[in-house]
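I have placed the structure first, in the form of structure tokens, so that the comments after it can refer back to it.
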Amino acid sequence: MPAARSLWSRLHLRERIRDRDTAVYGVLLIVALVWPMATIFATGDTFLTSQAAHAGTWVLLAVGLNVVVGFAGLLDLGYAAFFAIGAYSYALFASFQLASSPLHHAYHLPFWLMLFVGMFVAAAFGAILGFPTLRLRGDYLAIVTLGFGEIVPQLFLNLDQWTGGINAIGSIDQPSLPAWITGPWAGANDIAIVRDFNFSFDPVAYYVLIVILIIGAVILVNNLHRSRLGRAWMAIREDEVAAAAMGINTVTTKLLAFAIGASFSGFAGAYYGASFGLVSPDSFLFVVSVTVLVMVVLGGMGNIAGVIIGAIAIYFLLNSVLSSLPANLQSLSNAIGLGWLNNSNGAWPGLSELAQRLQFLLYGLILVLMMLLRPQGIFPSRIREQELKHAVATEEETVVEQAHAS
Amino acid sequence: MATLIAFACGSTSGGGGAKGTIKIGSDLPTCTAGGKSTQNGIDFAIKQKNAAGGVSGFTIQFVPFDDCRQAAYSADAGVENVTSMLGDSKFLGMIGPYNSAVAKAEIPRAAAQSFTMVSPSNTNPCLTKDLSTCSYHPQDLRGGKPNNYFRVVTTDDYQGPAMADYAYKTLNLKNVGVLDDSTVFGAGIADTFSSEFKKLGGTVTRDSYKKEQTSDWRSKLLTFKAAGAQAVYVGGTDDQNICIPRKQMKQIGWDAPYMGGDGIETPDCINQASGNEVGISATSAGADATQIPGAKSTIDAFRAAFPQPNDFGGYTMQAYDATNALMAAIGRAINDANGSMPSREQVRKEMAATKGFVGVIGTYDFDQNGDNSLKIVSIYTVQAVSDPTQSTGVCGKTASKDCFVWKTQFDFAKSSG
Amino acid sequence: MSVGDFGFFVICLTAIVLLAAQAVVHPSEFAQILVFGLADGAIYALVALGYTMVYGIIELINFAHGDVFTLGAYVAAAVMGFFAGTSEDTFSVSNLVALLVTFPAAMLLMGAVNITIERVAYRPLRNAPRLAPLITAIGMSFLLEGIMFVWSGPFTVHVPDLLPHGPGFNTTIGGVFIEFKDVFVVVAAAILVSLLAVFINRSKLGKAMRATAQDRDASQLMGININRTIAATFFIGALLAGAGGVIWGLYFNAITYNLGFRTGLVAFTSAVFGGIGNIPGAALGGMVIGLTAAFSDAYIGSKWTQVVIFGILIGVLVFRPTGLLGMRVPEK
């Protein structure tokens, strides 16, 4: 069949499938499409869909941080601050919160508008923070962002007249759409059009939304990466002095990376505010920034597909494997007749108690081992992989030379 | 992932009754001593019930969930737990959560499916009452659905004022420094104390701290003292180090009363205050079990089943009562459903209709907000005792003879009518 | 004077004027807070030195360092538990013996722990992407916190109050209440910092450290054993952190497994504040941050202290990126 063959070769399908990243995207997309249907069919409830929607927030965050850390090589240790700014911009203007503030008037702006407002506000803060500090070199940006990340949640906590402080902002408006389609993939029997659809914590609706947001973000970031700006980022990451010598305005370029990264965090924040329905200063602490950073580095800095995998893996590890470990061990030991292990006895705290205490230790151990085994991450970007091999090779050469010299 | 979830829902008090199994979940921070001892109360109540034949032919299965993440309660984890309970139609109700901040995140999810929540320990008034000091309305939290959230404890708007009354009238204090731990509970109870104390004519200096940020409170205590404070009132819980300032009061040579809510009526508080624990006063939401005839036998039976010293805590009996009230409502709902598995809405309706339920700590009626009719607040003070078993049994680890001793109680139901 | 220096100067001057006003109005209260701040700052300084030394030599923010400090306090609590006859009420000879054993035990053990961490988690990644060791540092931090969590759960651990205290060991000078403990902390920290300074400036190993920090490749060519020098840096940093942990435990008597996280962050801020890589700078930075925290707690409110400290950090980096005394890390 020559016609089919020519089509086959014209699409470059074989080459595309051979490209690892495209394959990863393909698998991710297929899993994303069948996930709600498959899990609802298998478990009879929407729990796994809602977990996946929650994990999607982290994927979005990781994709955004990847622009800053992976593409431009800037270390950001306060990424959660922009997440908080996005979440609070939505929560303040889409709840009853401002009625009890000095404004005495509640605003209920639509989610679809605030999604972009949150994004721009976060980007603006990113630019304001970045402007005076990005001209500094080395790890100073990391330290400044760390400080910023500590200050922002504390401000939201302290300005309780406006934000409700520790009492958090609750009953946040749910997004609504003029029409929505429901069907067997969402657990319904028939395909039907729903008019005046309100999300009201519908896991499938939120899942669909986050998948669309992630796809949009990935396409955007991919194009940025291939653009002139993307190449400028790469140049700066590799050698700032050389990049400046080539005529790249390093401050503007870095500022753009920083602001674009922050805007994704703001975007994710608005989504988080709506899907979780509660925005509290406790949800944006340093540990959030660290977790996103771990997702990016572990997934493979600079490679979007790798970062998505990293985010899913870490989310699954923290929220499923480790958190259900005590209960799993308990039922396992009951099942194999070692139930007495569960009872505390003197210094022995009981198996499930011990497993609970072990969570921290295991998380730390996994991080260290993963990094030692694959310092470049699970799916590193091709270019960086090559660089790394090269770097190791040169290093070995130097060692050999030194051995000869001594 | 599916197998993991199946494991997570594994049985802990298994077996199947004649008609089948009804699941009751709990959502507590079991990484803390308070959460764990509360869970024991639920476990004990359900074991007792099953041993006596279950509820109208159904066996009750207890499925405990933990809302700790990285060793601290997390509203995200709580929402996840509730979501997974909602996904399983065998769950007809839950006991919990332990922390008011978690309740605020969980109520909207559970209300949407008429899922009954009975908290043994949430004392933040805004969860049920429409007060001007709250930043939201309880009906918004429930999304317009009928109330699904009940609690067996007295709210902070009784605990705080009770201590304010006690401090102003009995201890004759006119100026107090108030410190909270920046949690929903801590800030809330400190607010209610402050406003009542000011209303009585006293002076208050306020500040708050965060556990992760503060280890040295001496400068703060010093400014309280310099502002003329005669005592310190703390809003918070021991897992936020709320009793370490008590120890540091000694380091700045300040001898004054130290008062707080039920979050400090714990052994860990006495440990934190090491060397300066005598003179701590705490309120507790509810009557003291030792002051109620008939409670002792239940507590003794519990102690026999859970012998470790940390097994019993300030909310164990509240959890026991909450569980029994919920099981009684499930029993009536089974009758409504003509002996078969009731719906969640039937359980919710019956829970709301609870009248005159006799528990260990008192007799409960729930009002339309889900608050109970008991408005008793007890006050305890740490003293050196000769026989710890004659006190509340809440004593220090090294200071094993310094225990909370019952002082007095306030009954707001009687005073306000 | 550049614009940056001028801004920095204005900020410092404002702070000093505001504090001086307080000192004039409430002198004894001011002096009392000064004492608290100095004592806290002395401990921060000990921890900050470890950060600054490690950053100076391998440019790694060693997130696990704060947890090494906490582990030191945990070990101290355990070691003190072995001594029968110690008393929290009166100071006895056995208290003294316990203290004399606890300090070296905790310090050496922490040194060993930190060398192990460096060997296992950082050295294999010396040529990996720059962020890889940062993630293992975070992992190690969780791991150490996990060990302490498994050891004694989320509860507060009590460190025996073995230092002399109570009547007879405190005094009031001009309305300022000073305990023996306050003096002990400051003096102990001062001795340790001076010993370190002498070691770095006079000893051969100290010279090797400084050389390695300046140019690793060149010092290797000069015959310096890089691996050994870096290991020594980690060892010495951990000695100080361990001592800091013991002192903290003796001073506050209450520790929790995650104490190191926040203390580490503050200590790292101190190191940056003083000029990262600069040993006297870290000591000075620790003192300044300790004082800032104490004054902010008292005059602004505890809930603003975090904002004040990190606000200062950002301000310093914007106006004077090299820190108070100038950084000693060459641009590479």
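For clarity, chains are labelled A, B and C in written order, and residue numbers in each chain start from 1.
Following the convention adopted for this analysis, a contact is a pair of C-beta atoms (placed from the backbone, for glycine too) under 8 Å apart; a residue touches a chain by one contact, two chains touch by 3 or more.
In this text the structure is predicted, and so the values were computed from the model without any measurement.
Chain contact topology: the protein chains form a complete graph, every chain touching every other one. The greater number of contacting C-beta pairs, out of the two interfaces B-C and A-B, is seen for A-B. Centroid to centroid, with C-alpha atoms defining each point, subunit A and subunit C lie 33 Å apart. If you average the Cα atoms of subunit B and of subunit C, the two centres end up 38 Å apart.
Subunit A and subunit B have centres, each the mean of its CA atoms, that are 35 Å apart. Multi-chain contact residues, meaning those touching two or more other chains, occur in subunit C at positions 149, 153, 303, 306. Contacts with at least two other chains are made by residues 154, 157, 357, 359-360 of subunit A.
Each of the following residues of subunit B touches two or more other chains: 31, 71, 182, 210, 212. Touching subunit B in their complex are the following residues of subunit C: 26, 29, 32-33, 36-37, 40, 88, 149, 153-156, 158, 161, 170, 177, 179, 181, 252-254, 256-259, 261-263, 293-295, 297-299, 301-303, 305-306.
Contact residues of subunit A toward subunit C in the complex are 69, 75, 132-133, 136-140, 142-144, 146-148, 150-151, 154-155, 157-158, 286, 290, 293-294, 297-298, 301, 349, 354, 357-368, 371-372, 375-376, 384, 388, 391-392, 395, 402.
Contact residues on subunit B toward subunit A in their complex (touch as defined above): 1-2, 4-5, 7-8, 10-12, 30-31, 66, 68-71, 75-77, 79-80, 83-84, 86-88, 101, 104-105, 108-109, 112, 126, 134-137, 140-141, 143, 182-184, 186-188, 210, 212, 308. Within the complex formed with subunit C, the subunit B residues making contact are 31-33, 71-72, 179, 182, 207-210, 212-220, 222-223, 226, 238-239, 241, 244, 247-248, 251-253, 268, 271-272, 274-275, 397-398. Listing the residues of subunit C that touch subunit A in their complex gives 59, 61, 120-121, 124-125, 127-129, 131-136, 138-147, 149-150, 153, 220-221, 265, 268-269, 272, 303-304, 306-307, 310-311, 313-314, 317-318, 321, 329, 331.
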